[in-house]
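Next come two complexes built around chain A: one with chain B, the other with chain C.
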Partner chain A sequence: MAAPLTLLLIVAVTIRAVLFRSSLAELIVERVEVVSPLNAWKRVVEGLALLDLGVSPYSGDVFHETPLMIYLFHFMVDYAEIVFMIADGITAVALYLSIQTYNKNVFRKQKYALESDRYPADCLELLRSPKEMFYIPLKVAMFYLLNPFTILSCVAKSTCGLNNAIIALFILCTLKGSALLSGILLALATYQSIYPLTLFAPALLFFLQRLYIPVNLRRSSFWFFTLQYAFIYVGSLVVITGLSFFLLGSWDFIPSVYGFIFSVPDLTPNIGLFWYFFAEMFEHFRLFFICVFQINVFFYTIPLSIKLKEHPVFLIFMQIANNLEDRPYPTVGDVALYMAFLPAWSHLYRFLRNIFLVSCVLLACSALFPVLWHLWIYAGSANSNFYYAITLLFNFGQILLVSDYFYAYLRREHHLTHGLYLKKKDGTEATLVLK
Partner chain B sequence: MGLLSDPNRRKALTNLLTRLNTPICIVCYLAAIVWFMGLAFEPFTLRTYMSENAMGSTMVEERFSSGERALSLAKEFDAHKRKAGGMPVEWLVKAMQARGLEVFTQSFSRKLPFPDENKERYMVGGRNVYGILRAARAPRTEALVITAPCSPGNSNNQAVGLLLALAQYFRNQIYWAKDIIFLVNEHDLIGMQAWLEGYHHTNITGMEYSPLQGRAGSIQAALALELSGDVITSLDLILEGLNGQLPNLDLTNLFYAFCQKLGALCTIQGKLQRNDWDTAEGYTHAAQTMMLMVLKQACGRSWGDHGLFLRYHIEAASIRGINSFRHYKTDATTIGRLVFPSSPGMLTVLTPVVISHLTGVALYLLPVHLQEMAVEHFPVSETEAVVLTAIAIYTAGLALPHNTQRLLSGEGTEQGWKVLKLTALLYLAVLLGCTALINFSLGFILAVTLVPITASITPHMPKALCALAMVLLSPAFTILYCVFIYQELIEAPVSVGEGWMLFLSVISQGILDHALYGSLVYPLLALFIYPCWLMFWNILFWN
Partner chain C sequence: MWCIIESKSRDQFQEELVIRPLHSGDIYASFQFRTLWDTDFLQERQKVSHYRLFPKSLGQVLSKFSVRELHISFTQGFWRTMQWGQPFIPSPPGAELWVWFHDTVSDVDGNWKELTNVLSGIFCASLNFIDLTNTVQPSASFKPLGLGNATDHRFLRYATLPREIVCTENLTPWKKLLPCGSKAGLSVLLKSEKLFHSSFHSQAVHIRPVCQDEQCTSKAWELRQTLNVVFDLYTSGQGKKEWSLFKMFSRTLTEACPLATSSKVYVDITDNPELFELSPATPLLSQAVVLGDRRTYSVFDLTRAEMFGQLRSLNLLLRDMLRPLLHAERYVAGFGLQTGEIHTVIYNNHPYRAFPVLLMDSVPWYLQLYIHTLTVTSKSRDNKPSYIHYQPAKDRHRPHLLEMLIQLPPHSMTEVTVQFERALLKWTEYTPDPNHGFYVGSSVVSALVPSMVAMNTNFTQDQPLFSSFVPVKEESSYFVRVYTEPLLVNLPTPDFSMPYNVICLTCTVVAVGYGSFYNLLTRTFQVDEPSLPLAKRLANLIRRIRGVPLLA
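Our next item is the complex of A and B:
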């Protein structure tokens, strides 16, 4: 499958190169849906300029990237476009290989379960065949590379592309089974933006499953491995943070990066939910609501992990998707990352209920974002409420998408254990409802 | 979320929708048309309401008395214009300097993509002259603009004359808190675009211009004047700007309030306000005025020099003096009192107009009040070549189904065309929604013509009849109908041949507007609406 993947990479690079050279590039770099204060290219350039002058790049509250990122670009600023295209390529190849590994695992487990007769007789049509699974990795790579959101994010030179690359590499290392590399990459991803911290739980669950360690809080083997993995993770995080300190010689980056993410001082409109709330809020309640909103991001890990502890890869998908809606500065590049996973669950198609509605909502919102921005800022016929309405609708569409896939996944698992045609106690046909 | 997760309720709702699909569509379409025409119906319209801005009009005194001086200046300007064969820059500079303004000039040049036959120009170069009256007491952070175009021939001399007389009058007042810029621009909209781009340091249309030497702060509002005769019977207020943008409604109400106060006639779309709202005639009059405004707004061009200001979020309007044969004539001094003191009047009150954007409405249709606007057209070969090429590409698209049938997968299956129709309808819906948000009139006209045929098209209908219907309702023909309807509404109906010539010139103007000022109508129709129509054309010929 190397040839189609190579062709796909060539096509993707061509599209991006063409757009980089066209006049659309200047328009896209300024769109608020594509760049945020955390990952805008203009701010990176500003930080580099300050660094060249010998001043701390974090003075002036413009630059919010991590020191490793600024040093990377210190050497690569002339080749920035190539860096971002390579990052997209790395993400696509990493996703391709990880989904390939995942499919092999899934198929092997299915084979063992079939041989030990664990499936009821009538749900054989729900089983997956190699033929159907053959093109899925290519489709995943295609969904990522040719997604308009990814292309826009790459052309805008938003560092979200680099973050996505790190997360994709982390997923690849996890699925290949290397705990050390997975811990290091997760630490790097967390160091970049804090929210990948929630991916610690699914990675841990995956390794436990792989090493056949039961998730039982009373067993010492569970604690032994958890501590090992946590040690790798926390250790790498400490090392990376220390390295940043030595690179720049001060701890400035902690309040500028992490303080900025947690306290949300910048209320530029974007596709997230924070800006409008906090623009309307009284100062007195600000701290309370910040705490509530930030806890909201991390809180879903617990119930999702409990429910999906046997399906860690799906849990990864759910975590990434959930993080997106609740983080303070989302961009469409983040949306593209979890959308890339959707072909991996294409066997759930028959159980999805709202997919048409969701796609219409997402399409219409993507078209309406620039229109209502223009009406608000340039024409003066609208105001922030119009733009926020579309933001709300967009997030609603995403939540619906994620919950739909969640329902479909759980329903398929239920059918695989209890049979396809469910009957209530009195023999009539039953339907499954997610409450 | 019972509806989204409960399968039984969903099934019931889906069954209902699929059963009643056609009746619901027809009812929605008819209701939309009726509601739109109901906008002209008197109980539904907002009369000119009393907002705090309208109150301001009562606080101002009109004291202008130099009507004759304005007229004599107009004659001088005319003489110098003839002598110079274009814009008399030196005379204007001297005249403005004599009145105590800081005078600057700006030169600009632009090569049109193809010759413009309406105005017979191809390489356009000229100079704008503007003078700044500095505010006596306030910091120079804000400005107002009064502009009059320098047009060839006999037109607009009085406007320039009044501009200069006004500058003299203003110089003696001490209460101004904003700088006032008096601008005389050459080559109407091209000069105005050059000046605005120079003022705001942008270059969106590829114009070459010299940078502006003098500047006056951010512009809050602008007024464009077009007066071509010594005797005026009514004043027409022109609002439609580029891409269908309109100024704040408070500006209109303010001007109307002033006119009423001074007893002058104010018209919108050239039509006077009538008092017999309840009768059928009154309603048709209002509906005609509204349709005229819809057509003017939909074509996206700027109908006065003020239209280009709206893009920079500057409220602006044009005032045109009309001399139609009525028994009540207003002489120059009264006009001077009205226009110009309504200018200091308006200008003093323009500040609160600008502040109260929240109460003013920027998206409105005025079903109140006709206009004399002669459109002259001289078909010239190069322009026709461009326009006819555009039409040829359009017509060539009609052959598309025969060529692409082999390439599309799912050819010959029922599901193929259904999927295509689904995608095409979704695309059309999103497109019409976005267009209506930006330029409501354009969206409405396109929806009225495109929706019935596209919603009901299937490959199983009689091909010849449906093909004819689709072509007759395609965007190009919509433009043709709009041309004829527009000519009817301005009471200058044209024959078929003249109508066709007018149609060609409309297309060429659309292309030129896009190249010169960044109007979006032509790219929208060519790049978005037309492919959508082509998709439906493909569905019709699916086999």
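Our next item is the complex of A and C:
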């Protein structure tokens, strides 16, 4: 499979190179759907310019990147385009390898379950075959590299691409079983933007499953491993933060980066829900709603982990997807990351209920975002409500997509344990409902 | 022999333009095109048939109606004597026509009526409205301006149409009467687009018999076409006392009319030789006494080819001499409500000295400046400031502060540009009229400007207050602080009527997410068994009490 992957990489790099050289690059760098105050390239250049002027980049409110990013781009600012293309390539290859590993795991578990006769007789058609699973890693890489959202994000040189690369590497290391590397990469991803913190639980569950340690709060083996992994994670986080301190000699970056993410002072419009909500918020409720919205991001971790403790990889996907909807400053690059996983669950297609509606909604919203932005900001004939409506619709479409896949996954699991063709007590065909 | 006599041209053409800057900042341009023709229209024996420079339509009018003098003028606007002085050729608003007929005419009224109709055809004007109800025969006011000793006012007719509007349809036939048309000479400047965008516009035709020489041995016909126009300082001049031929007429002069014996432009420089400068400078000066005043004129002779230079065009420039040494302007460039650019332009008008200036900009925090886009250019080359102090803004705490020391080259314009992005504010942070925009305070340019005159560094008690505000530290320069214009910048606004709606809608979307996840997380799949109808359930209840097996 190396040849098709190489071909895919070449095609993707060509498309990005062509777009970098065209006049569209200047247009895309400015678009609010693709860049946000957290990861805009213009702000990285501004931070470097402030550093050249002798002013700390964190003294103003323009630069919100971490010090390691300054360090990286201090040397690489002339080769920025290559850096972002390489990041995209790394993400695609990491996703390819991790899905390949995952598929092997799935197939092996399925074989064991078949041999021990754990599946009811009529659900054999739900089982996955190697033939069907052969092209899935390539499709995942293709979904990431050729996704217009990813291409736009790369051409805009949004540092979201680098964040995605770190998360993809983290997933690869987790699936390959290396707890040390996985902890370090997760610490790096959390250091970049706080929300990957929620991926700690799925990674932990995966390792526990891999090492055959039962998830039982009373067992000492569980706590032993958990503490080990937490120590690696927290330790690397502390080391990275300490390195950042020594780089610039001050703790200024903590309120500028993390304080900024948590308190949402900048209300620049983006594809998320936060900006207009807090633009129209009454002042005395602001703190309350900020707490509510931030808790909303982290809050699904425990219930999802409990429900999906046998399926940590799907849990990773769910966490990434959930994080995205409720972030303060989302961009289309984040959307592209979880959309890349969708071919891995292509076997759930028969149980998806809203897929047509969701795809129409997402397509329509992607087309309407630039139109309504132009009407509001440049033509002056629309107002902010139009753009806000499309953000509502876009987020609603994403929620529908994620919950639809969740429903399909749970339903397939139910069928695998109880049989595909269920009958009611009187022998007629039954319908399944959630009760 | 008769042919030879006839082929010798007996007509000549002169054209002239006088430009006079007026006290109020407006500018007055007066064109005169004169054709002198040594012939006699009124001779019965020889009908004039060979017209060269003299327009045929007018010649035929003169002979058919036995006209001795014809004066017709079309004017738009009123001549403001108190502001502009006296015009060279006065005229009332609307149309004015006065004619002296030859004393051989028997039916003057009939001739007058036909004459007005013919003239209204020639000039595309509605002169046919002139009839007996608005015609008078002034007894003393309008004596003949040319030759002739007739004083019988029965042969004079005078009429005005104050309501007549002058427009391009009147200018075009008037221009066609000129020998060079509107193709060469001074008449290329006569573009109706600019001429009618003025405070005062008057075109006239004056025909009269004149003496050819001092002894008056022979007579000639003189046709003068005059056009007077006053351009307003604010409408055409954009408020600046800087006039040029191009600015007034949107054309420049390229050549003299080949049929003209003389083609000259006179610029009145009497009033204020120090207050404005004329370029290109010319050594030719002439003095003339006109309207009781001796005035000096710079003369440009268009028949000399070196007037036009290499570019084959002559554009006269009159510029106000009041040039402060240091001057700054500021404006916002860009479109849309997302980004913009602040341009600060600093002018150094000193002819040979360069000096440094300190520019201070304080920009509010909601216009996020990007200092890496700062460019300083002088004379289209990069000019790096020697000292930059920049303090970036903190949202809702402090504004941007940018201070730079820039060296200004002599006689140059320096432009400082910086890009910014507009922020969306919380709805309570907008003023009650948010679409008015947000003000950005003036930039401050502080400098020590080299002085032409040595300054007095001694402190004396009885110095007037106006010269003692700023302490004078050195003799050769004085301290100046120049403030630029404040800027008005529009920010994107949210809809102010929507707080409750937004909270409801956003919370709805979040609740939809929460609800679907709650369902999927807390409920399990079960086969849907239909519930029993009410009657059977009640029956089951009774059966349970009785201890009998239940219904299905």
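By our rule, the second predicted complex is superposed on the first by the 432 of 435 C-alpha atoms of A that agree within 3 Å, B and C clash if a C-alpha of one lies under 4 Å from a C-alpha of the other, contacts with A are read in each partner's own complex, and residues count from 1 in each chain.
Note that a residue touches a chain if its C-beta (ideal position, glycine included) is under 8 Å from a C-beta of that chain, and two chains touch if they have at least 3 such contacts.
Just so it is clear, the structure is predicted and the values come from calculations on it, not from any experiment.
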Superpose on chain A as described above, then tell me if chain B and chain C fit or clash. clash
With the two complexes superposed on chain A, say which partner A:259 touches: chain B (first), chain C (second), both, or neither. neither
Look at A:45 in the shared chain and tell me whether it touches chain B only, chain C only, both, or neither; answer first, second, both or neither. second
Quick one: is A:381 in contact with chain B, with chain C, with both, or with neither? Answer first, second, both or neither. first
Going by the contact rule set out at the top, does A:353 touch chain B (first), chain C (second), both, or neither? first
Partner touching more residues of chain A, chain B vs chain C, is chain C
Just chain B (first), just chain C (second), both, or neither: which does A:269 touch? second
So, A:214: does it touch chain B (first), chain C (second), both, or neither? neither
In the overlay, answer first, second, both or neither for which of chain B and chain C A:242 touches. neither
Is A:368 in contact with chain B, with chain C, with both, or with neither (first, second, both, neither)? first
Superposing on chain A puts chain B and chain C in one frame; which of 75-83, 111-119 or 237-245 is the clashing stretch? 75-83
On chain A, the footprints of chain B and chain C overlap at residues 378, 380, 400, 407, 431, 433-434
Can you list the residues on chain A that touch chain C in the complex? 30, 32, 42, 45-46, 48-50, 53, 55, 59-62, 265-269, 273, 275-283, 293, 296, 300, 303-304, 306-307, 322, 325-326, 376-378, 380, 383-385, 388, 392, 395-396, 399-400, 403, 406-407, 410-411, 414, 422-425, 430-435
Residue ranges of chain B in contact with chain A within the complex: 4-8, 10, 245, 311, 313, 357, 362-363, 426, 429-430, 433-434, 437-438
Name, in rising order, each residue of chain A that touches chain B in their complex. 353-354, 357, 360, 363-364, 367-368, 371-372, 374-375, 378-381, 400, 407, 431, 433-434
Residues of chain C touching chain A in the complex: 335-339, 365, 368, 370-372, 388, 390-396, 400, 423-428, 492-495, 498-499, 502-503, 505-506, 509-510, 512-514, 516-517, 519-530
